[in-house]
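In the two complexes that follow, chain A is the common piece, with chain B as its partner first and chain C second.
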Partner chain A sequence: MKVTIENKEALWLLRLADTSLIMGQRMAEMCSNGPFLEEDIALSNVSLDLFGRAEELYKIVAKLDGDKFTPDEYVFHRNEREFYNIKLAEQPNEDFAWVIARQFLHDVYAKEAFSQLESSKNSDLAALATKVLKEIEYNLSHCKDWMYRLGLGTEESNHRLQEAVDHLLKYTSEIFNWDELDKANYPDCEKIESTWNNEVNRVLAEVNIKRKEVPELTMRDFRDGFHSEHIGHLLSIMQYLPRAYPDAKWS
Partner chain B sequence: MEAGDKVWEVFVQKKSGLPFKHVGSVHAYDKKMAIQNARDLYTRRSEGRALWVVPTEAIVSVPLDKADAFFDPSDDKAYRHATFYDIPEGVKHL
Partner chain C sequence: MVVIDINKKYPEIWEFLAEVPDPEIPVINLVELGVVRNVEKEGEKVIVTITPTYTGCPAKKLFEDLIREKLVEKGFDQNEIITTLSPAWNTDWLSEATKAKMMADGISPPTDDNKIVTCPNCKSTNTKMISKFGTTPCQSFHSCIDCLEPFNYFKCHR
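And then the complex of A and B:
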């Protein structure tokens, strides 16, 4: 099966859908690996929210592109270069600080992005944005809370959070390299970047984490299907079953 | 969890006006974490619209071995039970 997408808006929306999906898959890896039972369940809930969001977005993608493929087909039958998630989303769960920092950096961006999409001309997307914002609000407050606990906790927790942030910030600047599709679909791209910078700078300063100068990565843009080395491993696990057993069905 | 955490009892109110009902407990280090954990464990499926968490240690309870002394209804003392009234016609919910 070769999954293809022609509609421009569908192609653009795939960026948000894929970002939610890959964030969700990374968070799902935390299920049974959380630091304690309650947090394990909380992280799994975040993952479920992200998967649910991705599925709804794939449905809109499918509708825009003539319903040629199902959400499952978008998820399980595309290869690395056909995914358009931001590279931040695929960064691994090196330790708990990475999980929290990744979610925080993503949620601050997602909050402003979906706020703007509430006024989308696409009524499906506008309605979904309103629904999704409530989830983002909660997930953001959860991971922001941990940013404070880790940043202002012990020397060790601060150190680990600093390492996570240092790594993850290498992958955030590409989010704001807006192209024509972004500009056609977001009312105010620049505001997404300025809102993100203000909030990230504010929280990092409050939690005693430095925002260091990050040397420009030579990797190409996620909008062209380029990734860090981590996506292949993630997809091989996520896609294994339906590819090995194409006839498998939920019973 | 490690040292420093507490157990909190969780109460959920299904809708405004109804009593809060005990649903279980969570571990957490402080109030804020307790209410977040309670939300994630007990309210994800429309169980309610309001939530209380109370440190278990703040709840005063009757020791099990004193239960008889506390709760024995003394059924032989019939005058404790308000059963000597004629219920007027039309009263439905007594």
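And then the complex of A and C:
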């Protein structure tokens, strides 16, 4: 099966859908690996929200592109270079601090992006944005709690959060390399970047984490389907079953 | 806010749709929960409009299956279930009677902006949150400082 997408708005929306999916898959890896039971359940719930959001976004993608494919087909039958998620999303769960920092950096961006999409001309997207915004805010408050606990906790927790932030920040600059599709679909791209910078700087300063200068990313842009090495490993696990057993069904 | 947009045209259909329990909180049904938004008929066909609670709720697909099962059971083989996301589901749609049923079943019902969380066991409001996330996406986990009972609270979502 070759999944193809022609509609421009659908191609653009795929960036948000794929980002939500890959964030969800990474978070799902934490199910049964959380630091304690309540947090394990919390992280799994965050993952469910991300998957739910991705599914609804893929439905809109499908509708825009003439319903040629189902959400499952977008998820399971595309290869690395056909995914358009931000590279931040695919960064691995090296440490609990990585899980939290990745979610925090993403949620601050997602909150402003979906706030702007509440006024989208596409009524399906506008309705979804209003709905998911509440969920994003809730998840953001959860990972922000952890940013404070880790950053202001012990020397060890602060050090590990600093390492996570240092690594993950490298993958954030590409989010704001807006192209024509972004400019056509967000009312105010620049505001997404300034809001993100303000909030990230504010929280990092409050939790005693330095925002270091990060070298410019030499990898090409996620908008062209370029990724870090991690995406292939993630997809191989996520897509294995429906590719190995094409007609497999839950029964 | 309108508690529920009941279409008076088909009270008998609304009545049996209220027999469909929420799969995760069976003490309340999908009409009370605000999941069923509208009922229409086109000839013999029944069209039910539903809305999901949370986008990632694992019961989302099950809502549809359970409603279809009920329609078929009542003889409405021709049916269509439409999902709408607007207006977004919120806990203001839960009636006081529904909240009382939750409390009696051991789930603390939503209050304005989560300001007061009441223990379903001893009714004390001296309670604390254990985790923002409970056993389902719509609940958080709390415990009572007075009677020590751990319990789920149905989060205010608006």
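As a convention for this text, the second predicted complex is superposed on the first by the 251 of 251 C-alpha atoms of A that agree within 3 Å, B and C clash if a C-alpha of one lies under 4 Å from a C-alpha of the other, contacts with A are read in each partner's own complex, and residues count from 1 in each chain.
Following the convention adopted for this analysis, contacts are C-beta pairs under 8 Å (C-beta built on N, C-alpha and C of every residue); 3 or more make two chains touch, one makes a residue touch a chain.
Not measured: the values here are computed from a predicted model.
Enquirer: In the superposed model built on chain A, check whether chain B and chain C fit or clash.
Expert: Here the two partners, once superposed via chain A, clash with each other.
Enquirer: Identify the partner contact of A:Leu128: answer first if only chain B is touched, second if only chain C is, both if each is, neither if none is.
Expert: After superposing on A, A:Leu128 lies in contact with chain C but is clear of chain B.
Enquirer: Looking at the overlay, does A:Glu38 come into contact with chain B only (first), chain C only (second), both, or neither?
Expert: After superposing on A, A:Glu38 lies in contact with both chain B and chain C.
Enquirer: Look at A:Glu94 in the shared chain and tell me whether it touches chain B only, chain C only, both, or neither; answer first, second, both or neither.
Expert: Neither partner.
Enquirer: Identify which of chain B and chain C touches the larger number of residues of chain A.
Expert: C
Enquirer: Just chain B (first), just chain C (second), both, or neither: which does A:His142 touch?
Expert: After superposition on chain A, A:His142 lies in contact with both partners, chain B and chain C.
Enquirer: Quick check on the superposed pair: does A:Glu163 touch chain B, chain C, both, or neither? Answer first, second, both or neither.
Expert: neither
Enquirer: Classify the contacts of A:Glu118 with the two partner chains as first (chain B alone), second (chain C alone), both, or neither.
Expert: A:Glu118: touches no partner chain.
Enquirer: Tell me which region of chain C runs into chain B after superposition, given the options 9-17, 45-53, 81-89 or 117-125.
Expert: 117-125
Enquirer: Of the residues on chain A, which ones does chain B touch that chain C also touches?
Expert: 38-39, 41-42, 45, 138, 141-142, 145
Enquirer: Taking the complex as given, what residues does chain B use to touch chain A?
Expert: Per the touch definition, chain B meets chain A at residues 1, 26-28, 32-33, 36-37, 39-41, 44.
Enquirer: Quick one: in the complex, what on chain A touches chain C?
Expert: By the definition above, chain A touches chain C via 38-39, 41-42, 45-53, 55-56, 123-124, 126-128, 130-132, 134-135, 138, 141-142, 145.
Enquirer: Under the definition above, what is the set of chain C residues touching chain A in their complex?
Expert: Listed in rising order, the residues of chain C that touch chain A are 52, 54-58, 60, 84-86, 88-89, 130-135, 137, 141, 157-158.
Enquirer: Which bits of chain A are touching chain B when the two form their complex?
Expert: 36-39, 41-42, 45, 138, 141-142, 145
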